[in-house]
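These are the structures in question, set out in turn.
What follows is chain A paired twice: with chain B in the first complex and chain C in the second.
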Partner chain A sequence: MKRAKNPWAWFRRCPWLLPALAALVTLACLPLISTTSFAVGFLDPAGTYAILALGLNLLIGGTGQFSLGHAGFFAIGAFTAGILSTNYGWPFWVVIPVAGVVAGLFGAALGLPTLRLIGPYFSMATLGFGLLTAEVLGAASWAGGRTGITLNYPQLGAYTFDEVSFFWVILGVAAVTLFLVWNLRHGATGRAFVALRESDFAARACGIHLARYRVLAFTISAVLAGIAGSLFANWNGFLDASESATSSTFGLPASVAFVAMVVVGGLDSTLGSILGAVFITAVQYWLQDRPELAEMLYGASIVIVLLGAKGGLAGLPAMVYTAWRNLRARGTGEARA
Partner chain B sequence: MPEALTVRDLSLSFGGIVALESVDLSVDAGAIGGLIGPNGAGKTSLLNCICRFYQPQGGSIRLGAVDVLRCAPHQLTGHGLARTFQHTELFRAMTVLGNVLVGAHTRGRPSVFADALRLPAARRASAAQASLARGVLERLDLTALADVRAGALPLGLQKRVGLARAIASRPNLILLDEPAAGLNPSEKREMAALLLRLRDELALTLLLIDHDMDLVMGLCDQVTVLDFGRRIASGPPKTIQRDPRVIAAYLGAQYSAVSSEKGQ
Partner chain C sequence: MSDLVQVVLSGLVTGGIYALLAAGLTLIFQVSGVVNFAQGALAAVGAYTCWSLENQHDVALVPALAFTACGLFLLGCVMQAILLRRLAGDLASSVIVTLGLLIVLEGGIGIAFGYSPPARPLSLPLPDGQFNLGSWALSQQELVLAAIPALLVGALLLGLRYTRIGATVRAVAQSARGARLVGIRVDRVRLGAWGVGAILAGAAGILIPSASTSPISPGMVDPYLLSAFTGAVIGGLDSLPGAAVGGWGLGIIQNLVSYYTPSQVTNWGIGKDTVIFALLLAVLMARPTGVFGTPIQRRV
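Entry: the complex of A and B
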């Protein structure tokens, strides 16, 4: 194959490349002006949860299987990272993919027996898994117990990351994740996921291997939740497993917040996953002194989205445009389109 | 004529309820077979056994030389089997083109890794699938609707999209569950003409269930009649129309050749 000589040919062939690069550069500038508390409270969690939401939306939006247990995979990733870096001194760039693999193995192990479960039964099974994981971690001495696990700042050669500069790592992982998830969702694999969601009978009659694709979607979402958990361990620097079943980091409230990200961002919308993660994190950050108000707000936003704006944040521009067009049509006395 | 589909001595029951009792059925390659009978006779159950949605307790199903009962459901498209559904079962949120692309799932799909990394192999495979799907849309006169959401179409067009989705897997045999149900008379005639044309152009074998006797008797080369899970008759339409058991169980006097002769 002949290589394009002119580098601008790349931009012409991929029209998304230029805006994507611009967005990446803009986001990469944020640590330069960010304080530590803004990085810890908003930048790092938003990026981390965006990675998780991208995977979870493949599962929830793509295959239509609502998981209420992804905080479990997040916790598995976080504690894998915590234990490997503090007890064994593994560098963070090895720990992160390994945490993804470990969470992915748990995902496959849970995905296989639950693949025949549909709707509420699947949700209940994953809910049970999330609670079980949190309780086991809370009781296990190797998970830190009441003293928790304290991680060192991640190092790359002679350079030591802090909470602010670690955002660059998160951003890099998030960019790669977005690329992979976008391709999957808009390729043959994503089509198979949606086909299973819409009619599993017809999907199977079209030759789609139901077990393979259900487990695949579940495993991918578990891997990304595990990677997100390991990133969290690195920038947060501290993991506390005690009472984690009810904690908003590893417990049921976290699982619910993850679902909220996907639903509010836009079911089955790749970019919506990121918007949702950013939105929920922003609500939590600006209302950090009033956590009950934050939960109320995103609880209400789930209800609003499900009742009135199924597209979520990602569908908002189209909804506003339609409403505006209808309004204008009425204004000029034309019939509604 | 070799048989494209051979069902022998097939039995299926759910708990204590017998859905099929040693049913035999065969369709010659290139022929159109019909499957009729009253509601609850087991017609769709038989189709679901052939698709491996149901596990029969006994008997055998062969697609040409392939033993269907040794296959998993997703493997059957690879052996040339496709089907449509009574209630269309379209992927409603997807476009018409998307539905047909899922139909082409087993025809040169890229691997998950190639897909995720958007490797050249994945792009070539996607392009090939897209051209296959576009060709199917063209053949079924659906090109103008390619980007319309399938769930937004009227039933007649949805049935045609279901057929397009089945065709996209390049089948030898298509099982059609009530292709004309819910269609108006002119749509029914169109559907019948379409089925005949596709059979001839693509060298297909068809097995169809329908309650419209004009359609079944007009299209089919062989008709099998089920009643309470048992085959009560099988043969060319002319014979079936005269069979007293079929008249008693299902047809009534209206379609029976016997009664019309008596009338004269």
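Entry: the complex of A and C
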């Protein structure tokens, strides 16, 4: 005898599906009401950096290694996209994955030798890589040199995207990235990352291959940074790497902002990466006339989060709830630990 | 040959600033386990305090320097006591927290004093003649600028080696737990190390405007900071002489590279900064804790 099929079984299995779809549709409506300056200043960068932060959080939150060089991978992705689409006329939907692969190759190449480095040595090595990339791209003639690279608007068939409608592409890529990263983080691979972060000795005793997983985390974060970079190239339309070691697009300030997104959003929280990217981009958009104030604000938020509230934005509800519960417990005279 | 000597001397001037920053960094790192990027902000605070006292309040140079040193000592202690004590041992996040502090403090200076460089420079009474050594004519100013960091770092090293306080600092650096067992107040040693580290940073900050002949600005230390840290990491973060030597070496290498690199190579994006970061990556690959650093040994 066959049991009657429950028409809501899929809902039981994936309770997140409806809210996720609703969020996606809401976000997809945003370009319809957005102006060009709002899209360029907030929507497009928030989506782009969310993709990057998702990958970077696997590395920083997952394996616990602070990279200060991901602006380098972002720049590699952006310039791969720029060179391929202007010099060779490749369509953007080919360029984006290719940029991810190129950045991933660099990531694997840097991930292997930096495997043995711990704490500050790892941060310094990645920082060196980021600045090296920015310097080379800023001065090299094949990367546009001092004049930079100007891209055409990306085309799909007969349709030409502009800054506003390109948000749909970013949103699509971000949604797919979120799905993949969520599964990766909550599957065996993600647990292996966390095991390595907590104690690499114990993890290795359980048969987790240290080198393989560290390099994997690094490479994935580099691929996503490269993809984000190629998206950036497409909506920004112009790549300028001169003075780039100190520029806020490809230089050290960018790397710091990326780390701030992950830290402020919530270390090792998948949704937190997105919150952090949106928060930092919102700060930058809101204070775009006072960039130094924006920088100060996210510098301060890094300090506050790391010293006081390690959960970041994603951990905020839990923290407020605990505080409220303790307060109530004190009111009724119950002592709580 | 005369060119070479001149280039090396200029390298020693820049390298001396790297060495000061690197020595403060290493001292703090050894004793409290925090990699202090805020060293750059402390340097800027020192330069601005000294400049403000001299130019806005008409204080003579020596009292201004003394006041700056005391103020920086206190500022370093406060940073350790209030913020960074909580981070002891958490290597990875200490880098990020101090980077955040660097941004905040530099922004604070920018708001207090403005971002555009002030009209009056921070001037030190330096000789401007030539010093003739055989056939080489060396600038006296550069000689003095190269000598000051050497004296300061040398005094620090001697103090650590031959005084009682120095011995307690070295004990804490070796093992905080062991030092506590023999009755050393580890927290006080850490406070002191932060204070002294801040003074070293301030000295670097005061020398930078003279060494680079540029006006003071909130972010003026940043390029020096990166090279100094690179030098310290190349030398080894847990070896003070190593880090200082790394700083000086890096200054000389940078100057030699930028003097002798043909322009075709520069157009490919390879200059003095690319060379040092390539060097950093190469050294870390061969020796993950720097040239003079102790290799990490762990027991299961």
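Here, the second predicted complex is superposed on the first by the 327 of 337 C-alpha atoms of A that agree within 3 Å, B and C clash if a C-alpha of one lies under 4 Å from a C-alpha of the other, contacts with A are read in each partner's own complex, and residues count from 1 in each chain.
Here is the rule we go by: contacts are C-beta pairs under 8 Å (C-beta built on N, C-alpha and C of every residue); 3 or more make two chains touch, one makes a residue touch a chain.
This one's a predicted model, so the numbers in the text were calculated from it and none came from an experiment.
Once the two complexes are laid over each other on the shared chain, residue contacts for A:Val259 go to chain C alone; chain B is not touched.
After overlaying the two complexes on the shared chain, residue contacts for A:His209 are found with chain B alone; chain C is out of touch. Using the contact criterion defined above for the overlaid structures, shared-chain residue A:Leu293 touches chain C, although it does not reach chain B. Set against each other, chain B and chain C touch different numbers of residues in chain A, with C touching more. Contacts of A:Phe66 after superposition: chain C is touched, whereas chain B is not reached. When the two complexes are overlaid on their common chain A, residue A:Gly138 makes contact with chain C while staying clear of chain B. Contact with neither chain B nor chain C is seen for A:Ala329 once the two complexes are overlaid on the shared chain. When the two structures are aligned on the shared chain, A:Leu18 is found in touch with neither chain B nor chain C. Shared-chain residue A:Ser199: touches chain B; no touch with chain C.
By the touch criterion stated above, A:Asn183 is placed in contact with chain B alone, chain C being left untouched.
Residues 201 of chain A lie at the contact with chain B in one complex and at the contact with chain C in the other. Across the complex, chain C is touched by residues 64-66, 68, 113-114, 116-125, 127-129, 131-132, 135-141, 143, 145, 201, 245-246, 252, 256, 259-260, 263, 292-293, 295-296, 298-303, 306-307 of chain A. On the chain B side of its complex with chain A, the touching residues are 51, 53, 72-78, 82-83, 85, 89-94, 98, 101-103, 105-106, 109-110, 112, 115-118, 120, 122, 125-126, 129, 165, 169. Residues 29, 35, 83, 86-87, 91-97, 99-104, 107-108, 110, 115, 222, 226, 229-230, 233, 237, 266-271, 273-274, 277-278, 280-281, 284-285, 288-290, 296, 300 of chain C are the ones touching chain A in the complex.
Chain contact summary for the complex, chain A toward chain B: residues 1, 180, 183-184, 187-189, 191-192, 194-195, 198-199, 201-210, 216.
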